[in-house]
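This is the structure I have questions about; it appears just below.
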């Protein structure tokens, strides 16, 4: 790295919200043609720093230097003038506009005097960018018709179309398949050669070391350290992130033997994308469900739980036929901890107590007569058992952290005395510290005679936690891995067979 | 290269079944009435339908944009009534239309601006804000006229409703121009994309460097402006100002927009669907009048039309979601 | 909203206004507003605090509240019911016809409630099973009900009912108008249903997050139908009180009540987005609205001001709610 | 008196048959009334149907789906003109706002009989109605006579700005002038609606402890007032106008002092007869104003027959103004 002046430098950046100091005196340098990895747990201030970079938030203190000159970045248009573009995890795309319209939102090409949209030039420019990134996407297609991965690509094309000099990528590979991730890395390399500076936010160690030129670690809003990849290793980075020496993830003792059959799925077909799946889960087991994005794992989980309609095949829970909707599954002792907590798992504007007993009112109050004090007792007992950090059972769930919200969802199912749990990406959006707690919780469930089917995109989690694992590909089971056969390579091998061919 | 973007758009929207319900019903109604009442398809009657639907159309067009931006405007009917009585009084005082129309235009634009302000800056949900301003406009109309209707409109104002130009009735031309302007605004200007983005993903708009609040306010100002234009037509039609002339018309406009396939969330909608919705209601009322169907049945028929159309769209959504 | 008095475990007490749970704040805010209005009115018009006027205000509030209470439950599910006014029209006319033909009051009460129940059932069916947006479904039903009432009544009015039937509308018990007792009964039923039954809790869950409720095993469709049936039933019951009160039935008897009822619910702090709101709030909302209109009558302010003032109150109520919730963010 | 009517009708039917059979029957008449809910218009429609049956003409009713909706009645006029009925019997929703509609009917050369509300302008074959002024004057006089010419009186007005309300209140105020020590303590609008009149009366009773008499501009408001009085356990003499069944019953039961017969049924009969006679080239009067007839305890029985059973009297017996 030559000692040129950095293309962008932030000095002494601080930003606080009501009672929370999100960023505290953070300085950060970015050089041309460099991929600067930003590592940190959720709540470490990464997303706040990003929002400041793109002008969405104003800073409480600190200065910005663009190529050495002091500048002001207070609103999105400022960021644009300095060629800063941010790609968020929640896409900033409009469902019912076309791809071209999305890419040029706010920068539409207009006829000089008419002020009307120059549809043709917008379409051709969009096509050109898409071709450059060799994405097979029709610029006229309505966004809502594209898959998640394609939408991610449009998001990136949108940033590049602003011939951004500085690109901020927030966990871009979270929902990309390996093929697409490889293509993304190629493009990053191309951009590096063009001198584009990139801030790359991720917590996937493999990525950190494969494309990172420099790594900065944030913890609790403060910059903890800056390293070159060569100088450091995974363990040191994690300890910097978490602050205390902790073994990487929760290591599970596998002594429990499987007994009663909890789930039997026979040749299940569902219009949502399940094409004939058979599997089983026994009490005392944590069975992993691995596979790439779009391989149908969530669809399978929702079909088993009765959330989506089933076209053929059979599902049995604890030996009884699951032929109804979620209510039937719950009666049979099943539980679904959905992928998106906020939109499917919780009622954010209601209290913890209300959420915890939402699925067990019939059991707690068979007569229909609701006793608030009993409801409160049940909630407080579970809040204590799962050590949920909340001022009280009346606190609205929207004010809890990601990890605590997930605990509330789990308490909901414990209150419903479920004995077969389907976890869909249980640790998404949860910081490393809380992840370990979630896993110990899951392990506790299994030890107390429950069965768990766990969907996860983190291969390391599957390896460390599961007794057995199924790998799905295109709506089918590609293969089953026994305990000793499970490894990141074996999962990838089954998951991406045709991709590699 | 595409031949004509809008025609492809038109067909693409139809294929997507955006407002199959309304188009189907419009077709069925036309066939039904052509058979059952001989002078339904006569030229004067068809012109009648267009003339009678124009005022509702002038409200339904901006209402489409408002609903596309995930808002709603309950104050339109009351604002149109206020504009009607103020326009009538001013026209009588000035003796000529234009200065009066200008003042009414400013009044309505200000009213729309106030709606937009209350919603964006005071963070009050559009339903509540416009329910409140509905009362304010309604009260204003009563206060201005003290309950009396305003009479003595100079005859040349009537030209806008009953006059003709190049063989077609004036309202017809006004309707055509309004549809064209709104089509261009919505599908051919950056502003149009911003309105859809406001409903689809407001965060995306702000991050694209556009002031979402201003887009929202501009939509409500446009709604006010259209009320002023509709007021000219209404005043010409009833040759007077009446303190309750158009109360409740906003609900008919919202129904026409929903009939046309514009949904209440996520900025999904189609301008021409609304035009079909307005025509469907106009044809129904006209046809039933021609057949001399008892009024009680007419009243129920409108409700059934709305529910039937939405059922068709509802079931279609169910299939493909 | 569950009760807010119980002890909580590891509590860092955040003192002051924002510590109170939201539902308490909403109610407190309105009680203050209510007190202010009563104070100003009693100072400005000597006729205000007379027992006659107080009873008069209570009776008028009762009529508005009976309609608004059913609506509250519907709005809690993030829905809307525009057909309540027309529901009253049809139910009242049905009941009136039955009283006139059979003379039996119990049958008439049954007919009124029955028709309200049926209308609610149809509304619920359209919204839950046919997935028609509530605004449009109930707007369509509004027209259909009017059509049926006009066809059924043919422009006639039915008037003159037996004294003991009319008592439920204009009679007194221990010096208090009977509709007030019915208002308290509706209040109690509403509170018990929402706070003390699991179906009430489900209503809040469905309103707050419909998909999460479904995935928690709550039969969302049947809860929605239940909400609209209750709204229809309460409108049916209210129509009987209207009938008794007016001693005659005509087509558009309840038509002018729909928007004020929605206003009362909004002023009462129930949010249109569902999941937040209480029946007591709606009662206070109805009281505030009626008091202001009564006050304007007593001060013989031109009647044209009434819609204007109602509009301002609706906006002000929701604005102050936003302010008081700002503390939480 | 009743028997005589029936004989008369038979005579006329016979006469009608032998009249020069230029258009001996089957005329199509369009009857426009204001709304579905006011019983007065229901009696008018029944009168028209009964007369049409006698003269074997055909009657179709056009009633706005939204009560008293000006734009809607305008649309109904435009639609009906397309069908070219032989004659139109027309009660305008608003006597000033509907002038363009009447001009359209005249332009279409369709004979129009104006009934109940005298329209401000437009050519009519004739006008049939009662004098609101005279009716109000008579019923107010009876009220004040019963009050012994002194005491506090309250007036419940109809819909502000309507012709009927202006004339009726003029009649009331003239009657007050003729009784110097009658004191009008309050005059508030009840919009001809029962519920509103009831609530207004309740409020007025608070601020006026002593009310001896109440003048209500129509029977519906009168019954609202009676309910309010009973609710507050107070006594007062009440008079109304229109002579609807409800009003007559109240007079019979003694709750109401008197009402004035607005003659809905008779106006329906006469205007239809005039229309048919005009079409059959028979002489018709230019204007028929029913003499004010007050219904009090003495003659109430005669008027309490249910409307359905009534039949139009013969042309000869009709009051010819």
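Labels A, B, C and D are assigned to the chains in the order they are written; within every chain, residues are numbered from 1.
Heads up, the rule we're going with is that a contact is a pair of C-beta atoms (placed from the backbone, for glycine too) under 8 Å apart; a residue touches a chain by one contact, two chains touch by 3 or more.
These numbers come from a predicted model, not from an experiment.
A centroid comparison over C-alpha atoms places A as the chain most distant from chain B.
Two chain pairs, B-C and A-B, are compared here, and B-C has more C-beta pairs in contact (counted per touch definition above). Computed centre separation for the pair chain B/chain C is 30 angstrom, with centres defined by C-alpha atoms. Computed centre separation for the pair chain A/chain C is 43 angstrom, with centres defined by C-alpha atoms. For this pair, chain B with chain D, the centres built from the Cα atoms lie 37 Å apart. Multi-chain contact residues of chain A, defined as those touching 2 or more other chains: none present. The residues of chain D that reach two or more other chains are 36, 65, 189, listed in rising order.
Counting partners per residue, chain C has 143, 146, 150, 154, 303 as the residues that reach two or more other chains. The chain pairs satisfying the stated touch condition come to A-B, A-C, B-C, B-D, C-D.
Within the complex, the chain A residues that touch chain C are 18, 305, 307, 325-327, 329-331, 336, 338, 343-351, 353-354, 357-359, 361-362, 364-365, 368-373, 375-376, 380, 383-384, 389, 391-394, 396, 399, 412, 416.
Chain B makes touch with chain C in their complex at residues 118, 122-125, 127-129, 131-136, 138-140, 142-143, 146-147, 251, 254-255, 258, 263-264, 294-307, 310-311, 314-315, 317-318. Per the touch definition, chain D reaches chain B in the complex via residues 36, 60-66, 68, 70-72, 74-76, 78-80, 82-83, 94, 96-100, 104, 120, 159-161, 189. Contact residues on chain C toward chain D in their complex (touch as defined above): 45, 47, 50, 52-53, 56, 59-60, 143, 146, 150, 153-157, 159-160, 170, 177, 242, 245-248, 250-253, 256, 294, 297-298, 300, 303. Note for the complex: chain C touches chain A at residues 1-4, 6, 8-12, 14, 21-22, 195-202, 204-205, 208-209, 211-219, 275-276, 328-329.
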